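Some structures to go through are shown next.
Each of the next two complexes has chain A plus one more chain, namely chain B in the first and chain C in the second.
Let's look at the complex of A and B:
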């Protein structure tokens, strides 16, 4: 019994920090409709700043608890101010951009902050020196429980009460609640949105900073804090219901307790468990515990998708020439170039498969790496346990991915918008967690090595040709599909579900079809990648990999059929040439993403097409 | 001559305490334009949505050529030969006018799950023929996203005709249109109904449109039918005059 009590208390104290972060995220989302990836970075900065300020204050006035509390408050305020600054400089310009671009812009901020933190605080973990009062324990039911954690348990409810007071009793809070319900109405009543939004960003970021600050004594500050927490915070916010602070509180308790007990009961599957809880909640309550269906605030400003026309002939010729050059590369280029070309072929298919869902389907997936990874692991596990040769492995890869695509897609295609994005992210994290934690089966972090091609394909040139035939062939098939009746039906379901159903189209089934086809494509890409590299790792399924795919599609332009191809080539080339040359490549990439979002919201191919159509006097939409 | 194309018997629908549709029965015959009118809140839209499958009735039944429609989804009802236009037009904005009609034809001919031959090469001639019928042939290459509202209504009509329907359901077909456009659209609809021997049921606010184009009119008020007949009969009906001109019966 004692053990259960102690685990329960541990869960409660973890829930506090989780709630601080999630409440900030949910308040920001509720008012601005921005899903802020950089929220995890604010949490990380909260921890780092607390570390710096606390040490400075302690050097000055001794290791007093009061100075630590002061440092926490300073850090939270500083992070809040930074959040407000980012809102003013960046986000204010993109409130009307599609959701995805906002998400991407905030991911750019994540990368920038990662490198700044690295430059300022260095790569080492920074633990806070623990004076005796931080090491004290209290006796609970015969067990020792950290006193600091006991105090943390109170922080969550205290902040909840403070937020309740703010939202119920102050003018600012009432405006925040009003804007969460109906942003347009609040604007119509003459409230200055800019001040409101900046204020909300200050509040939300400060809460994230506070969350990072209070976990510092037990965790130390480190560079991977941001992405580790953001996935968890998303889960809490989605489970609680987007925009709902009490929902975030309940969900943070639920998730923290699931983790606290999961780590004892199923230590190998804690991560999977959290995401299973989330998936379970969303299946029963699609809008979270206390959430409501999203108001269609964005529909009015929605951009009209342009008409897809057959590509100009010159584009086809350019593509054919590029392909011929790539295929001839082994005769004039070095082995490194050939390896890169294999990667390019793989990523073109990876991006094109995501594009089928995102573009014509309007299904925004934040977990497309899941299917890439499932393909790679399908090939590797087939080799490891069934000793299947490459030929069979390359069949197994898309099939495994497609099977999971069918199961995950069945849930996902019923949702839309942010919930859809978050659910796909959660499914991807389940797959990632299984690959990462289920060491006996998947090799865990060490991955599976020795995934080599069959003899005939082992040469660099032979494998390049195989990769081109499979990946570029599949990409061309996907293109063909977009122009075929299926692609039109998919766009029809996206443009107007009401009309689609009224002309006999089953929108959900068509979207599910696209989901499975996209998974098959990504799975094949993953399989080809696995044999090309000779190994598979959980990083193939990680969040950054999913973001890579999104970046490729968006860089090229989601509204064009050639976009993903151009985007994959541009992104990977950029990554290999420019980024790897820079020590601070994250900073450069982050800035590039932010600039891209601000300057070319339609992507490269979209920009070119607009120019082309304008020059020729073709009517766009 | 066989029975009615669409027949509804004893329809009821409640929303909480509101009896939105109370024992409504009606029938539409081939070649006939039937208007469903009534003041705001009379239950027209609810009644309309019971007929097209968007809502399920609490009691009563709807039959299309004798076949019950209860529990069928809108897309299944379309397959049985029911074409629809919406109060606020719903077309595919990312496609050209011709492509919109082609998608409807592709669905009608069950070619949705084909992945190879470009959609543009499916049923192009049929689409052009339909567009010619609604007077949109000259705009076939324009994207639907840039069309004038009245033209969008014509595109909807062409899409509604793509499955060679027996019944046309039009919800406020002329809402949001200029007066001259209204008459043109209703003239067009009427000629299509006559030519193709369609049954057409429409709701409408504009009394000029109703009295000028409907063969028969049924009037709803507070969930119930209060009058039925041709334009002259309905115009002369005291209950209708009461609802539209009088005190409203408080």
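Let's look at the complex of A and C:
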């Protein structure tokens, strides 16, 4: 009983930091509809800045608690100002871009901040020295409990109360709530949205910085903090209900307590537990604990999806020439270039499969790497346990991915918008955790080795041709589907579910179909990738891989059919070039992404189409 | 900016078009080593490591190089991802025409490159990955590993742990292959020496995401007599702070893997717990001639003290240089034969690459943690020669595929 009390209190203190981060994220999302990946970076900066400021203040005035509190507040304000700056300089310019496009920009910011933090604070972990008053404990039920953690328990509710006051009693807060419910109406009533958005970014970022600051005394400031927290923060936001601050509070309590007790009951399953909770909550309550059905985010931008027309002949010719050049590469290019072409073929299919869901389907997936990885593991596990040759492995790969796509999709397609996206992320994380921690079956993080092609395909040229036939063939098939009746039905279900159903289309089933087809495509890509690399690892399923797919689709242009192809080629080439040419490659890649985002808010292919249509006098969307 | 890789900017088709036609004249052309490591994913370990190999390359070239040719290292950042490491390994072999591969930190990256090396039949000197599989279950003819493995380090600690009176043990380890192996070997070896010990609980925090308060409370609840810790990095700091405040370590023995390495010990600063039995590297106290020379050279060049990674980077180049000298050539098969049983001199003392399983006998320092002047350090330490902490040869043969 005593132990339960201690564990419960520990959970409460963890919940506070989690709530600060999640409340910032949820406020930003609620108003601006931006899925802000940089939120974890703000949390990290909060910790680093607190470290620097606290030490400076302590050197000046002694290690006093008051100076520490002051440092925390300075750090939070500084991070808030940085968030506001990023909103003004970067995000403000791309609000009119397609849904989720801003995610691309925030990811660029994540990369930039990672390298800046390394340059400024160096590679080593930076713990804040704890003066005696930070090491105190109180005796509770016969156990020692850190006094600082006890104070943390109070911080969460205090911030909740402050936010409640802000949102209920101030004009700014009322406008924020109004904008969360109906942004267009607020704009129509003459509220300056720009000030509102900047203000919200300041508030949200400051909360993240505060979260990073208050955890500093119990750990250290380190360079992987940003990505360690971001997935969990999203989970809390979604479980609580997007845009709901009290929901985020409840969810952070739930998640923190589940973790505190989970490590006692199932010590090995801590990674999955959180995502299982999220999946469970979303299946029972599709809008989170306290969320409301999301106003359709697409409608909010005031535009409709552009009509998809058949590609102009010149595009077809350009594609054919590029393909012929790629296929002829073994005759004139070195072996490394051939390896890169195989990867490009794989990623084209990977991106195209996600695009079928995201573009025509309107189903955003944050966990598409799950099907890519399942394909790779399908091939590898087939080899490991059944000793199947490559030919069978390449059949097994899409089948395994498709099977899981059917199961996961069955739950997912009932949801919509970001909730759906987060459910796919939850499923992907569950698959990832299984691959990572189920060592006996999957080899764990050490993966499965020796997944090499059959003899006839072992040569570099032969494998390239195989990859082109399978991946580009499948990609063309996916393109064909978009123009087929199935594609029309899918777009109908996306644009107006009610009308689609009125004419007899089963929207849920059509979306499920798209989900499964996308999983099959990604699975095939994963299989080809596995034999190309010779080994399979959980990193194929990890969140960065899912983000890669999103980046490719968004960079290319989600509203065009050729977007994913262009995006995959552009992004992967950019990544390879920058990774090899610069020691500070994250900074360069991040800046490149930011510039591309600003230059092509419709994506690269979207930009080209716009110009093409304008030149031809075709009525744009 | 990578000094050596500007040419890589020309990447892709343009760069590779010309490559096959370029035939290198032997003789004064440098010997090219392709080095891959997780420079951005784990800078705390890999940056001192890079300084280490850069220092050694400079020294060797100043002394006239190897076989009259200078050494040149072309390095790449794998960003902590095996799939990128494999691609970069191909790029280094095919475009940069390197003579052999070296490096890697994470076990999965090391295994991926090792398997790739086997496929391409080119030599790979794995410097840092710890997984036992690299030289045993998944060992291959072309892969050699420098750093003492998980098994070896666990065995070093077991020797000390068996002397403790404690019988009631708990373990805490990050939940992935490294943590799982470290716990498995420790339990197995300690139970063999001390049939009376009991392992009463295990904690498996996720790597980089430890819930330290809850973990400490869960361990405390079992009232153990001793604790075996495998966490490191930010998780360790977090664990130690909660443990100190909550009194987990008071009156208990703690045995802890890698904690004495400066990379992990230094961040603990004035909260370094006293009397933990650890493996590590007391860089400021090792006064053998070879180590003093190494430390002086390093401090003169970088105005910083060496970390364990520095020694690993330094030794990697030493071993490769010795290997090529012995082989008299940079032809892969000759280098592989030369590397098997190759003696080389580390700042830690003389070592050998075993012919049996391609593991080097580089050891580690075993001692106790202490607090001096507000900083963590190691006391009562001794150098544990890696050769003494490996399983019997016939057991190794059983684990290792015997094709090469």
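A few remarks follow.
FYI, the second predicted complex is superposed on the first by the 606 of 621 C-alpha atoms of A that agree within 3 Å, B and C clash if a C-alpha of one lies under 4 Å from a C-alpha of the other, contacts with A are read in each partner's own complex, and residues count from 1 in each chain.
In the analysis below, a residue touches a chain if its C-beta (ideal position, glycine included) is under 8 Å from a C-beta of that chain, and two chains touch if they have at least 3 such contacts.
Everything numeric here is computed off the predicted structure, so don't read it as measured data.
By the touch criterion stated above, A:10 is placed in contact with chain C alone, chain B being left untouched.
Once the two complexes are overlaid on the shared chain, A:36 sits clear of chain B and of chain C alike.
In the superposition on chain A, contact of A:205 is made with neither chain B nor chain C. When both complexes are overlaid on chain A, the residue A:219 reaches chain C alone and has no touch with chain B.
Of the two partner chains placed by superposition, only chain B is touched by A:505; chain C is not. In the overlay built on the shared chain, the residue A:489 is in contact with chain B alone; chain C does not reach it. Partner chain B is touched in their complex by these residues of chain A: 304-308, 310, 477, 480-481, 483-489, 491-492, 494-496, 498-506, 510, 513, 619-621. The residues of chain C lying in touch with chain A in their complex are 1-2, 5-6, 8-9, 11-13, 16-17, 19-20, 39-40, 43-44, 47, 76-77, 79, 81-84, 86-88, 90-91, 94-95, 107-108, 111-112, 114-116, 119, 131, 133, 138, 175-177, 180, 202-206, 208-209, 211-215, 217-218, 220-221, 233-234, 237-238, 241-242, 244-247, 263, 266-271.
Across the interface of their complex, chain C is touched by residues 3, 6-7, 10-11, 13-14, 114-115, 118, 123-127, 129-130, 135-137, 143-146, 148-149, 217-220, 222-225, 228, 232, 259-261, 263-264, 267-268, 270-271, 329, 332-337, 339-340, 343, 436-437, 439, 444-447, 449-450, 452, 529, 533-535, 537, 539-540, 544, 573, 576-577, 579-586 of chain A. Chain contact summary for the complex, chain B toward chain A: residues 73-76, 78-79, 84, 86, 90-96, 99, 102-104, 106-108, 111-120, 122, 142-143, 145-146, 159, 162-163.
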